[in-house]
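In the part that follows, the structures are each spelled out as structure tokens.
Shared between the two complexes below is chain A, which has chain B as its partner in the first and chain C in the second.
Then we have the complex of A and B:
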């Protein structure tokens, strides 16, 4: 089911707005992540899609149907909560059957479908246990099976991996991707972890302070951040940010003067600082001093001083000494300029050929 | 040390810590229990010299053939069955309503809790007045619907009903507070999940509230059953030191009281206490085994 938000705003108390004028369309059959830091309104957005929360203004559409006034009961979406919210007094099978029971499906049919789902999420050997006896990952699987039981038009997942350990998190995110592709259900996934979002989603929506920052594919998000927030939020290690005033004429020859005049901040991805000239892609060279050099595994990181500001690079070929002078070559892909409002005015696809 | 082996010294030390509580428990709980069990077999006994001349089953034979004791057992069972289920249902309903209102909920909680902190005698005096057949509030209220005056406290037909109504009212306060605690401890997420799963308000109540509230319901029921089996003070106060008109409110504890304090038949009083003990024990064991299946912790 396609989900459309038209100018949706929300405030809990009538004075302070949590979400401001959200406009977006989630295409049918895709897996979309809503990504943002804590408190940015991503779970709230999900609650509004589910119908547990009603928007203060604006309209929500499922396909062509206006569902703004419908509550969670009427919208028939499936949802996995952050702490799973499995009914503790029911067994795994009964938990999966519960939505079917509410839909008055006959008992043998209920059981058959629940067993199929248990198989899909690989918990068929746990069906007679209570949720309390399961591990976090198993509870997670049961919660997904329960959400899928009534064949929802939409599957909503609210930070589903945050209670799992690192290894299980990677396993479960692949599982979610597999289940989504097997069932083809439109899935919306809330997370604060960019790694999760980048790995499994078709599209990512970045939210901050109740405003949508960017809604695009993971690759676009990284290569063409629409503003400074997205550039800083996406990418590990974090992008180097400098004020335009930190440059002393190094950029004058390489960036059009009218753009340079508007620019306020400069963003340089750590991999866009190389200690060797790559020819065409190099936009400018800067003189720096090495402050710190670390090498572990196949990673070589260096912290550098550039006119008194710190820079981080991951693209070092040679071994460096502390306090050594080093010329770094700025790469076009991974170099951005942002204006006063944080909007990108230079860099990304528009300027990389 | 966590892995220390118990030694004579450490055990002695532990007993020293336990001693104050043990002293109180043994003196006021354990000893009287053992003594009353023993006393139920004393058939010839001098209370003042504490001399037992004969022991045997006569006390039990007596009470099992005593018509008064039969009445007492019957009345006690009627009282338990009349009070406990209604108390549980009414206090749950009131707790659910209180949980819904935000406005003045603190005031209402206090009002409902008041009976619990008020003395039974004071409550009984107020109800005495409510039940008065000539100028009582209840008969006045019923007269509005054209019901003829009822002798609530004087008629053997209504005495037990009057007692049950007052006891339910008295029990509500504490049970409502317990249910409110239980309701507040249910995570809101379960209701959200149930809503998403397509459960309407009634299904949310039967599938989330009731099962997750079952430990509290169980506590309230056990508490209510034991308390009702031991009913005495409210009878004494409501009927001015009588077990109701023509023994219509005679309970086992009241029977025990009469045998002990007015007839000085200590052995028989003790025997009726033992019977009551086993009645409560059986009912509680039944409840416990039922709870294994239906109470979800």
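Then we have the complex of A and C:
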């Protein structure tokens, strides 16, 4: 099911607007992540898609159909909540059967479908247990099975992995990807973990303070962040950010003068600072002082001082000494300029939004 | 060593408390097996010379206790079921639905909890007599079909259930009605059991109200029926205690079976409220 938001805004109390004029289309059959810091409005967006919450203004479409006025019962989406929200008094199998019972599916058919789903999410050996007797990962899978039970055309997942330990998290996100690809259901996955979003989704929507920052593939987000927020939010280690005033002429001649005049902030990814000149890919060179140098395994990290500002690089070939002078070469890919609104005006592919 | 003394002391106090609480029951049992002279003997005796089991038979025959039993069971059952039904609906409304004036209504209801029951007897009686309901089963039942104490206790419990469970039920296609009876009520089992038992006991033991609103023999409930042993010529204590024993026996059994739920239910709402 294709989901479209047309100019959707939301306020809970009528005074403070939580989401501002959202416009986007989620293509059918894809897995889309909504990514953003805590409190930016991810769950709220999901609640509006599910019909549990009505937008204050704007319209929501499923395919061509305007569903703005329909409630959750009518929209028939599947949803997995942040804390799974399994029915504690029912067994695993009864939990999965619950939506089917509501849809008045006959008992034998209900049971058959529930067993199939239990198999799909690998909980077939747990079906007679109550949710309280399951591990977090098992509960999560039961919640997914329950959400899939009525064969929704849309599956919504609200931070389903946030309660799991690191290893299980990775396992589970692969599982979600597998189930999504096996069933082909359009899936919207909310997370505040960029790693999760980058690995699982076809497209990522970055949200901040109720504004959509960018909606594109993981690669595009990284290579062509549309603004300073996205550049800072995506990428590990975090991009180096400097003010344009921190440069003392190093960028003149290398960046068009009219762009340089508008620029306010500079973003340089740690891997775009090399200690060796790569010719065409190098934009400019800067003089720095080494403050810290760390080497573990193949990785070499250096903290540098540049006109009193700190820079981090991961692209060091030689072994460095503390306080030594070092020339660094800024690489084209991973070097960005942003204007006073934070919009990217230089670096990356200027045609990509 | 200090810990041990504290432990011993604690148990001694608890056991003493237990004995004091049990004393009236034991006295009742003992008296129910005495002869009439033994009941008033001074100094009092605990163990009768010969156990008078015949007191039980005589007591049961002294008044139409079979009828009283049926009345008590009927009134208690209808009152409890009715009160639970209205309270569950009201508690759901107060905990989950949004309607105009919800908080004000809630505060007013909360205020009614401060009014002692005794103060309501006269206005309730006047209302019933205006409705020509005095001396009917309705008089015994209708005034107790709503209880804000039960509403309040259940509301506290319903509110501790996470919102997401409600949303999940909505997403799964459940109506409010279905969510209430098939999700919320089953998971609130222990609190509901606790308020049910309290209500059953209260209803079974209630004396003042049935005494006031009924006067015909065939409407009497058990506690009122116990008056049969007090007459102009004095009180037949032995038979009275024998009758009291079989009157409270069902409640004691009920409590023993469900005490786990009662304690859990009460302490849970206690922490929340």
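Convention: the second predicted complex is superposed on the first by the 349 of 353 C-alpha atoms of A that agree within 3 Å, B and C clash if a C-alpha of one lies under 4 Å from a C-alpha of the other, contacts with A are read in each partner's own complex, and residues count from 1 in each chain.
Keep in mind that, in the parts below, contacts are C-beta pairs under 8 Å (C-beta built on N, C-alpha and C of every residue); 3 or more make two chains touch, one makes a residue touch a chain.
Owing to the predicted nature of the structure, the values given are computational and were not obtained by experimental measurement.
After superposition onto chain A, the modelled positions of chain B and chain C overlap sterically. Touch criterion not met for A:65: it reaches neither chain B nor chain C.
When both complexes are overlaid on chain A, the residue A:295 reaches neither chain B nor chain C. In the superposed pair of complexes, A:103 makes contact with chain B and with chain C alike. Once the two complexes are overlaid on the shared chain, A:52 sits against chain B and chain C alike.
In the overlay built on the shared chain, the residue A:83 is in contact with chain B and with chain C.
By the touch criterion defined above, A:150 reaches both chain B and chain C. Looking at chain A, you'll find residues 50, 52, 71-73, 76-79, 81, 83, 85-89, 98-99, 102-103, 146-147, 150 touch chain B in one structure and chain C in the other.
Within the complex formed with chain A, the residues of chain C that make contact are 162, 164-165, 167-175, 178, 183, 186-187, 189. For chain B in complex with chain A, the touching residues are 187, 189-190, 192-200, 203, 207-208, 211-212, 214, 296.
Contacts from chain A toward chain C in the complex involve residues 47, 50, 52, 71-73, 76-79, 81-83, 85-89, 98-99, 102-103, 146-147, 150. Only residues 50, 52, 71-73, 76-79, 81, 83, 85-89, 98-99, 102-103, 146-147, 150 of chain A touch chain B when the two sit together in their complex.
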